[in-house]
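First subunit A sits with subunit B, and in the next complex the same chain sits with subunit C.
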Partner chain A sequence: MREQWRTCAAIAGNSLRLERRAGEALLVVAPFGAVALLLIPMAVGTDVPLLRRLGPGMYWTVLLLFGVLVILRQSSLQSPAQARLLALAGVPGAIAMLGNAVATAVLLVAFGAVLAPVVIMLYDPGMQGWPWFLTVLPGVAIGLALLGVVADSLVRWLDARSTLGPLLIVPLAIPLLLGATQSWQAAAFGASPLPWLLLIVTVDLILFLAVLLAGHLLDVVT
Partner chain B sequence: MKPRFDLLPPLAMAVAAVGVALAFIAPPDRVQGNLQKLMYVHVPAAWIAYLAFVLTLIGSIGWLWRREPRWDRLAAAAAEVGVFFTGLAIALGAIWGKPVWGVWWTWDARLVTTALLFFVYLGYLALRRVTEDRSDRARRSAVFGVVAFIQVPVVHFSVIWWRTLHQPPTVLRPGDPTIDHTMLAVLLVNLVGFTLLGAWMLRQRFRLLAQLEDLEDALAARDLELAGHSIETPKLEGRRSDV
Partner chain C sequence: MIDFAGVGVHVHRTPVLRALDLTLESGEVTGIIGANGSGKTTLLQLAATLHRPVAGAARVLGADLSSAVPAHLRRSICLVGHEAALYPHLTLRENLRFVAAVLGQTQQSADTALDTVGLGRAADRRVRQCSQGMVRRADLARALIAPPKLLLLDEPHAGLDSSAGDLVDFLVDEVRSRGGAAVIVSHDRARLDLVVDRVLELVDGQLVPVRSLR
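For the complex of A and B:
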């Protein structure tokens, strides 16, 4: 068991090292997301009270939609030969998927951390209950990463991967988006965001089980 | 005794026609008037969509367990039928919603989760369309067919879990149905009629998928023959090929 977790950590480390060299998530996707946050007020109007209300929702929507680009970069990093090599080395599909999910979750947390000051500066949202954000962001990132690796395995090496992947991920990510936006709202109105955090954790656990199941069933694909 | 599938189309058409005729005769709702009669198609459409997605789940699990093509065909055919009837239920709900609620669409939990269900299974069909290898297609879509089903109970229980504008269950609930019994009888006839129509559509799609697979096999066999011929020495007209 310990050996498998070491393998998982090695795969995650390898993926993060590749990202450090390429800088795709933080040097390309993050500025793209920041541009989207800059464009939205031009489309809906630059009314400050309106933007204060929209800010948190826009932040999580951009994180979800642009996070899909971060998630789907996995399949462009790994070639069929590399996947076969991992399979021949006896690495179970679920462990490889979990390794990739860990790397993607770390990148999504970093992506969210880069976007947070942008949304604070442009939208000036209320900062009540900001400590909750420190727990909600990793929860959402883990959920998106787990959902992403399942979807990524389903569309791996298909020609339409970049268009089909978002269609599979986004509708199933709605509970995470709801949990994130509602926890912010609950904190803003003085209620406890704990039930929404529990929703995110429950979704994360279900997706963790889905990765274990899909990893076993999709082993032949990868 | 072998099931008489040839009787399915006339039976489905007859029961559905009787159901629609009864819907016209049934008493109108005291508040909504004749607009309520859209329910006689809207509810069966939603019911068949649920049923079809259950069949997609069964087909997906069946394929993962037995690896037989017929399970994959069942899952695919049922998903197509389910997507069609989900779209129909959404469209009819919007047509009903405009005069009753004043809007085509409202951010109600049932409506939003149904729209998501529609997009999740559109994704399922898209995944099938872009995967060329048959076995690979069956495996990928079977896994997604199992994962996608999570959305179905969420749609059904959305009216219980959240405060919604959409009415809570009136028939599939513990205790006596909260609907006038004449209306309920007409609704049940329509449910049977539309279920038979759905079964007919499912069978047609199932058979068509089998025929498409036969066509794919025939084309693949033809391509193999061509590849075999291509290894012969090319002969140019008017030249000797024996030197």
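For the complex of A and C:
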């Protein structure tokens, strides 16, 4: 078991090293997301109360939609030859998927951290209960990353994977989006965001089990 | 090592191998030739347990390919395809160390493998900055990290000069000396005949013996 976790860490480390070299997620997608956050106030106008209300929702929506690009980058980073290498190394499907999910979750947290100052600067949202954000962001990132590797495993071998991936991820990410926006709203109105955080954790656990199941099915099929 | 009897394999629902028979004993090295699209790569991938037969009986290292193959058996197989399994953004050393990590080997084994194939001085160069021959050597070096029982090489001489071609012979001799076996797919009949015990030709999804050039 310890060896499998070591393999998982090696795959995550390799994926992050590739991202550091390619710079696709943070150098390309993050500025793109920041521009999207900039465009909305330009479209809405300088209606400060409206922007203040829209801010948290826009932040999480941009994180989800642009995060899909980060999530699905795994497909483009790994060639069939590299996938065969992992299969022949006897790496269980679930371990390979979890390794990739760890790397993606780290990137999504970084992506969220880059977007946060932009949304604060442009939308001036209420900062009540901001410490909750420090737990909600990793929770959402883990959920999206797990969802991404499951979707990727389902569509990887299909010609239309670049369009089918987002189609699978976005609807299934709605509970995470709901949990994230509502926890912010709850904190803003002085209520406890804990129930919404529990929703995110529950979704994460379900997706973790889905990764184990998908990995097992991959091992049986291949 | 390999025991295929009447094996049929489909790729994307297209029949590629039909009623194919192949037996490979320990210490044996077999060369495969055939026209483009005859199914040579599919045959190697079947031997690497990456395909399931739709007909016949197929066993590799004692494992029945009609069911899931145990992970420890797969670790005894090394497939070096014509597409290198290296990440272009990483250095040769980082690539080989990653392979060592997933195979449960030490980082030192990766560095030693690079030295053995003559890439010790270029180890910190990124794959995308390397020549095709260097990438090919580094890909072959994977077989030295955890010496396999079954070595499967797809067009190993392509993109290599004659001195680097000797590396292929060295790898095959290493496997053979440890009681392993190898299957080599190549268009280079002259080089192939120097290293293999027999040559088979893949014709219409079936293997037929070919007279040696020696």
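One rule holds in what follows: the second predicted complex is superposed on the first by the 217 of 222 C-alpha atoms of A that agree within 3 Å, B and C clash if a C-alpha of one lies under 4 Å from a C-alpha of the other, contacts with A are read in each partner's own complex, and residues count from 1 in each chain.
Everything that follows uses one rule, which is that a residue touches a chain if its C-beta (ideal position, glycine included) is under 8 Å from a C-beta of that chain, and two chains touch if they have at least 3 such contacts.
Keep in mind the model is a prediction, meaning the values are calculated, not measured.
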Key: Which of subunit B and subunit C A:Leu217 touches, first, second, both or neither   = first
Query = Of the two partner chains, subunit B (first) and subunit C (second), which one does A:Leu158 touch, if any: first, second, both, or neither?
reply = first
Ask   = subunit A residues in contact: does subunit B have more, or subunit C?
value = C
Ask   = So, does A:Leu88 touch the first partner subunit B, the second partner subunit C, both, or neither?
value = second
Ask   = Looking at the overlay, what does A:Glu3 touch: subunit B (first), subunit C (second), both, or neither?
value = second
Note = Shared subunit A footprint, subunit B vs subunit C, residue numbers 220
Remark   = Given the complex, residues on subunit A that touch subunit B span 150, 154-155, 158-160, 164, 167-168, 171-172, 174, 206, 210, 213-214, 217-218, 220-221
Subunit C to subunit A touching residues, read off their complex = 45, 48-50, 68, 70-75, 77-79, 81, 83-87, 89-90, 94, 98-99, 101-104, 126, 142
Note = subunit C partner, complex, touching residues on subunit A are 3, 6-7, 10-11, 14, 17-18, 21-22, 77, 79-82, 84-92, 219-220, 222
Remark   = So, in the complex, the side of subunit B touching subunit A is made of residues 64, 112, 116, 119-120, 122-123, 126-127, 130-131, 136, 139-140, 142-144, 146-148, 150-151
